[in-house]
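Just below is one structure, and these are the notes that go with it.
Order as written gives the chain letters A, B, C and D; numbering starts at 1 within each chain.
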Amino acid sequence: MSGNKIGKMFKVTTFGSSHGKALGAVVDGCPAGLEISDKDIQVELDKRRPGTSNITTSRGEKDEVNVLSGLFNGKTDGTPITAVVYNRDMDSSAYENLKNNPRPGHGDYTWKARYGLYDYRGGGRGSGRTTIGHVIGGAIAKKILDTLNIKVLSHVIQVGNIKAAKMELNEIEANIGLNSVRCADPDAAPRMEALILHLKETGESVGGIVETIVSNVPAGLGEPVFNKLDADIAHILMGIGSVKGVEIGIGFKAAELKGSQMNDGFCIDEGKINTRTNNAGGILGGMSTGMPITARMAVKPTPSISQIQKTVDLKTMKDTEIKIAGRHDPCICPRITPVAEASVSIIIADHLIRAGYINPCKLNPKK
Amino acid sequence: MSGNKIGKMFKVTTFGSSHGKALGAVVDGCPAGLEISDKDIQVELDKRRPGTSNITTSRGEKDEVNVLSGLFNGKTDGTPITAVVYNRDMDSSAYENLKNNPRPGHGDYTWKARYGLYDYRGGGRGSGRTTIGHVIGGAIAKKILDTLNIKVLSHVIQVGNIKAAKMELNEIEANIGLNSVRCADPDAAPRMEALILHLKETGESVGGIVETIVSNVPAGLGEPVFNKLDADIAHILMGIGSVKGVEIGIGFKAAELKGSQMNDGFCIDEGKINTRTNNAGGILGGMSTGMPITARMAVKPTPSISQIQKTVDLKTMKDTEIKIAGRHDPCICPRITPVAEASVSIIIADHLIRAGYINPCKLNPKK
Amino acid sequence: MSGNKIGKMFKVTTFGSSHGKALGAVVDGCPAGLEISDKDIQVELDKRRPGTSNITTSRGEKDEVNVLSGLFNGKTDGTPITAVVYNRDMDSSAYENLKNNPRPGHGDYTWKARYGLYDYRGGGRGSGRTTIGHVIGGAIAKKILDTLNIKVLSHVIQVGNIKAAKMELNEIEANIGLNSVRCADPDAAPRMEALILHLKETGESVGGIVETIVSNVPAGLGEPVFNKLDADIAHILMGIGSVKGVEIGIGFKAAELKGSQMNDGFCIDEGKINTRTNNAGGILGGMSTGMPITARMAVKPTPSISQIQKTVDLKTMKDTEIKIAGRHDPCICPRITPVAEASVSIIIADHLIRAGYINPCKLNPKK
Amino acid sequence: MSGNKIGKMFKVTTFGSSHGKALGAVVDGCPAGLEISDKDIQVELDKRRPGTSNITTSRGEKDEVNVLSGLFNGKTDGTPITAVVYNRDMDSSAYENLKNNPRPGHGDYTWKARYGLYDYRGGGRGSGRTTIGHVIGGAIAKKILDTLNIKVLSHVIQVGNIKAAKMELNEIEANIGLNSVRCADPDAAPRMEALILHLKETGESVGGIVETIVSNVPAGLGEPVFNKLDADIAHILMGIGSVKGVEIGIGFKAAELKGSQMNDGFCIDEGKINTRTNNAGGILGGMSTGMPITARMAVKPTPSISQIQKTVDLKTMKDTEIKIAGRHDPCICPRITPVAEASVSIIIADHLIRAGYINPCKLNPKK
């Protein structure tokens, strides 16, 4: 039972590894009649593609999508959508010395403990390239969300100890594409870039925080008890490589507050029920309130650094050291933003279908 | 599709509400041959039982467990274990004024949005009493963990802005039962209790942080990609009422670190592979390293406070105010610790079976 | 992973055994707003209750239902519905001699092989009493089907080599309650009863065939490939104890036909698309055509007979003989009809929700 | 929620359609360390490949497999195995006249009813080519079964009213490859072939019965109540296109028997518990007895015949007629045998892992 599937009605199964033949996803449960093209998926893949700026890895992958099934005359036909990206620029030579020496901060050792073997070439299936599958699934999910005008946006709000100022949603949308670090604060962004470049030169890496905002979600999305909307969002975000924490709304700050400070009072706003504040981050009792959903995730520094590190030799079972070569991102935050967007989009699309907001069979059941 | 089930092989389905006839759980997938008695479950239920100290709600429930199925001659027999707790001390009168006025910070409104109606009596299924089902499942999970000597322990490390000092595991074990706030720090605990009592008198509530530690987990537990161990732990913890954030190991602090600070080097320790530090919190690549797993969750202040709050009238669709009566915990942290223990125990037990560490059919397949 | 749950959105988890404290079911995923009472469930339970005629076992169980959760003011509230039946008239003494001698035709030995132990008292969870859970789930499913005027009816069409004549649906409805064998053919029914009574006296048992008819199903129900409607119906029916075969529509006769004989031509009938014949049994490509769905299941003779049979001693691992005492049905067909009705109702209800014909959250989303 | 996945721990998700770009499967949950090559899959695909004899369709597909992921150094590595077959010899012209005229006996109309549209080219995803995914999954499942020396074999035992004589397993194995109809009876096989050829010339088709035998299954496989082994086998077999009935062991004949005739007595045979007869078909109480498992399925005549048939025009909603061109199998039984083998292999492999007979993570956990 290995967990390569997410979703209960909008189901995304991903496959592939860093240095295998291909990566991809099968999306099962997308209603028929949704207009979608290869380009819709490519646009999202391009956001996470490596080598697009000097603060990302130099691996030169085009990450071109090939849709193998599920579309008929430019629309989904209710059958599983399979999309594949072939690996092209694979350089496995750099990894030969990792065969028996697990890299600190990576899953090499735990993979070995679980499966008895591990693909030491670029992390195998543990590689960040695995998130190509997330992005394919998310691209299709976003098309579903579009039909209800729901928007999902992820941006970087912290790199190391540089924190972005709090911005309005429209500012974030406007600014996020202006820099390679995908931070909306015009003051913090260049400082973040400078920090990343500096660390890159010194063979170091750095962590950060990525925030995802979902706007225009209808109220009542999420299943009480074990499949609450916040729980399912935390589930998928915590599963992204390098993520060490997830919080919703005011998050960990809630620990310090009193009830009267935390509670968001209700009000009627143009005939609609809203909350006066949004400390809850758009979710109460595990279900959406209709206010924007905000989720933040803590991203650890990329474990691949070019300094000498302590490890062990799995054959001799003795202590040893390791120096990792290869091409890596000094800060994974910018490239993780499209993955966070995709991941949350998958969860929202799934819950929309699970709750009957989207017909599971055909997009426009009346027509 | 409402989400009242957790687990893939060790499956816990819970049911019941605050003011209905009963609450309980069906545990399906427990191997046969596990010695278990009603008392094993009662011990855990007693930890979360209300009315045991002056800092909890005064609702006087004995929460006696009734096991209806799944045991034969004092052992599990491979069939579903059903355990039920009857509600006794129900006082629904206090809730009559909530029929059309959703309580801020509670799921009343979102429940109404989703289902078209809600059980306004004590939060219905959204009540904290729902966690009786978690605790029943967790009690059985703990018996499975016992067979591998795995221990799960939750304790309160913060209430409002009072933070406990960092303690060793054996100190935590020794101290946690010494006070009603379930905090192991002998200095912080009385200050937390005083704060909670003070807030109780002023009709307020307060949040906090609960930490869960799992020790002696074998390496290799967790399924890569979408069912990583940290993701599944975050999933269940974020699903507990009032939780707004979950972090693993060093958590949100990882955002500020460099790779060389974050990475835990490996070492050989008495013939076993360990990490030299444990910033990862016992999980790498979504699988256990064999080091202690640490997970913290941010708990918001109890939304039921006795101050006047802003709400709306769902019938007239006009703004109004509400004052909540009833009996409530001013700080839910102490009573949430057994729920966190139970929840993490369920996840670990499920993964042990999913990964073949525990035989899914019979506890001692050889004998 | 033991399989006590059926359904993907309308999920029924059953529990309990023949001689344990209780049996029952948790139904998760029933939309809110469905009017249902204990009586609706009791009516169905009474159909399968033992001791109601001289051709069934004399075990005197009232099988009174207790609803523990999920109803609020006479309606479902979207939370799991739990219903329990307590065992009363348990006589375990008759089973002491079965401890180490598995009964031929029963699951005693396979249960022992799988779980290392088995509840020898009346078959434990392998008992026909386990279908109390099916019937509880089916009773609720039927209430959902009622909202779309879908009817499910099971009747006995063969006992031993006595076959009922082919009858119209309205005749079956009218006649089925007129005799204890639940056969609609007024000529065959008394002969079946006489055969069963005769075999009962000689310590024998006999098999038969039960047919289930679902009328008024909308077209398009069922999921292509692995969750086709016929596959899901076969799945649940084959899982009922004693069933050795399932066929849809013309069934095994299809093997002998030519394409021109088998194919049902289409026609327009009062503006609606129908098939001119119904050899398909209402299902094409795994999805409903809108025509009546017909499924037949072969029921083996009750394995508990009072003759001496060959078995083995599990302790000494030597051949031995066994004579089964206890109270048993000489022909299980009449009492299996409500179980078949319930089972098929569960599948149809689940598929109605899965396909968007019934809103998964609230029964009347518009109101 | 469309059902393109089967299995709970050994999970096969299939995709693709008759006239799309490709067909294939993702197999998730195969333990690491299993030696497998493209050729192992190709061998199975070749069994169901069209155009290999004069009694099958003349569509000239090579059905070459491409493994995209999941293998590392010739072994499974615990990650999902994805295998794809590209469609080559597609001739969609023959289907243009089917756009609005659903073919009798096919899923065209029900697909339209469910999804609002259908891929009229060769049945789209409803085509028999969809079973390429089954065969890919089955090929991998068979490699797992090999490690326990479990064999799965399907053969044709009836075509129209020509029935094969009952044969021993070793005779079936020896004879099945000797003729194109995959019938082991040397007397019946040529008569079946002659009948099929004759019907092909007259534009007709014919049904038949396929039997699957699984030998060397350990006792105790199968999950009581809703996931019994026979239920899961019936589920997957009934889901194969054209199947109208499934029976286990003596099947429908059980209806006519008395208990003393049906029950298989137990005996000790070389220190092992066997049954003296095998009317049960190797399954009691839904779990394997260790005796050979036998399952038969009724296959309807191929619905595509070249005679004029009654249908309707979906646009004008008027009665009309249709004549189907294209290339079709006059009897699908021979080509369905590898699909039945694959399907049952998937179920057995899944249950072996679910029950702990095969470690879910690594094939040889001790080594």
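The rule is simple: contacts are C-beta pairs under 8 Å (C-beta built on N, C-alpha and C of every residue); 3 or more make two chains touch, one makes a residue touch a chain.
All values derive from a computational prediction rather than experimental measurement.
Student: Rounded to the nearest 5 degrees, what is the angle of the rotation relating the C-alpha atoms of chain A to those of chain B?
Tutor: 180
Student: Go through B-D and A-D and name the pair with more C-beta contacts between its chains.
Tutor: Pair with more contacting C-beta pairs, B-D versus A-D: A-D.
Student: Can you give the whole-Å distance between the Cα centres of chain A and chain B?
Tutor: The separation of the two C-alpha centroids amounts to 26 Å.
Student: Let me have the rounded angstrom distance from the C-alpha centre of chain A over to the C-alpha centre of chain D, please.
Tutor: Averaging C-alpha atoms per chain gives centres 38 Å apart.
Student: Using the average of all C-alpha atoms in each chain as its centre, how far is it in Å between chain B and chain D?
Tutor: A distance of 45 Å separates the two centres.
Student: Can you list the residues of chain B that touch 2 or more other chains?
Tutor: Expected reply: 1-2, 4-5, 8-9, 14, 78-79, 111, 114-115, 125, 220, 224, 354-355, 360-361, 365.
Student: Name, in rising order, each residue of chain A that touches chain B in their complex.
Tutor: For this pair, the touching residues of chain A are 1-6, 8-9, 14, 102, 104-111, 113-115, 125-126, 130, 158, 160-161, 199, 204-209, 218-228, 230-239, 241, 244-268, 271, 273, 275-276, 280-281, 283-290, 298-305, 307, 309-312, 314, 317-319, 354-355.
Student: Within their complex, state which residues of chain B touch chain C.
Tutor: 1-2, 4-5, 8-9, 11, 13-17, 20-24, 26, 28-29, 32-33, 67-70, 72, 75, 77-82, 84, 111, 114-119, 124-125, 353, 360-362, 364-365, 367
Student: Which positions of chain B touch chain D when the two form their complex?
Tutor: 8-9, 78-79, 220, 224, 354-356, 359-361, 365
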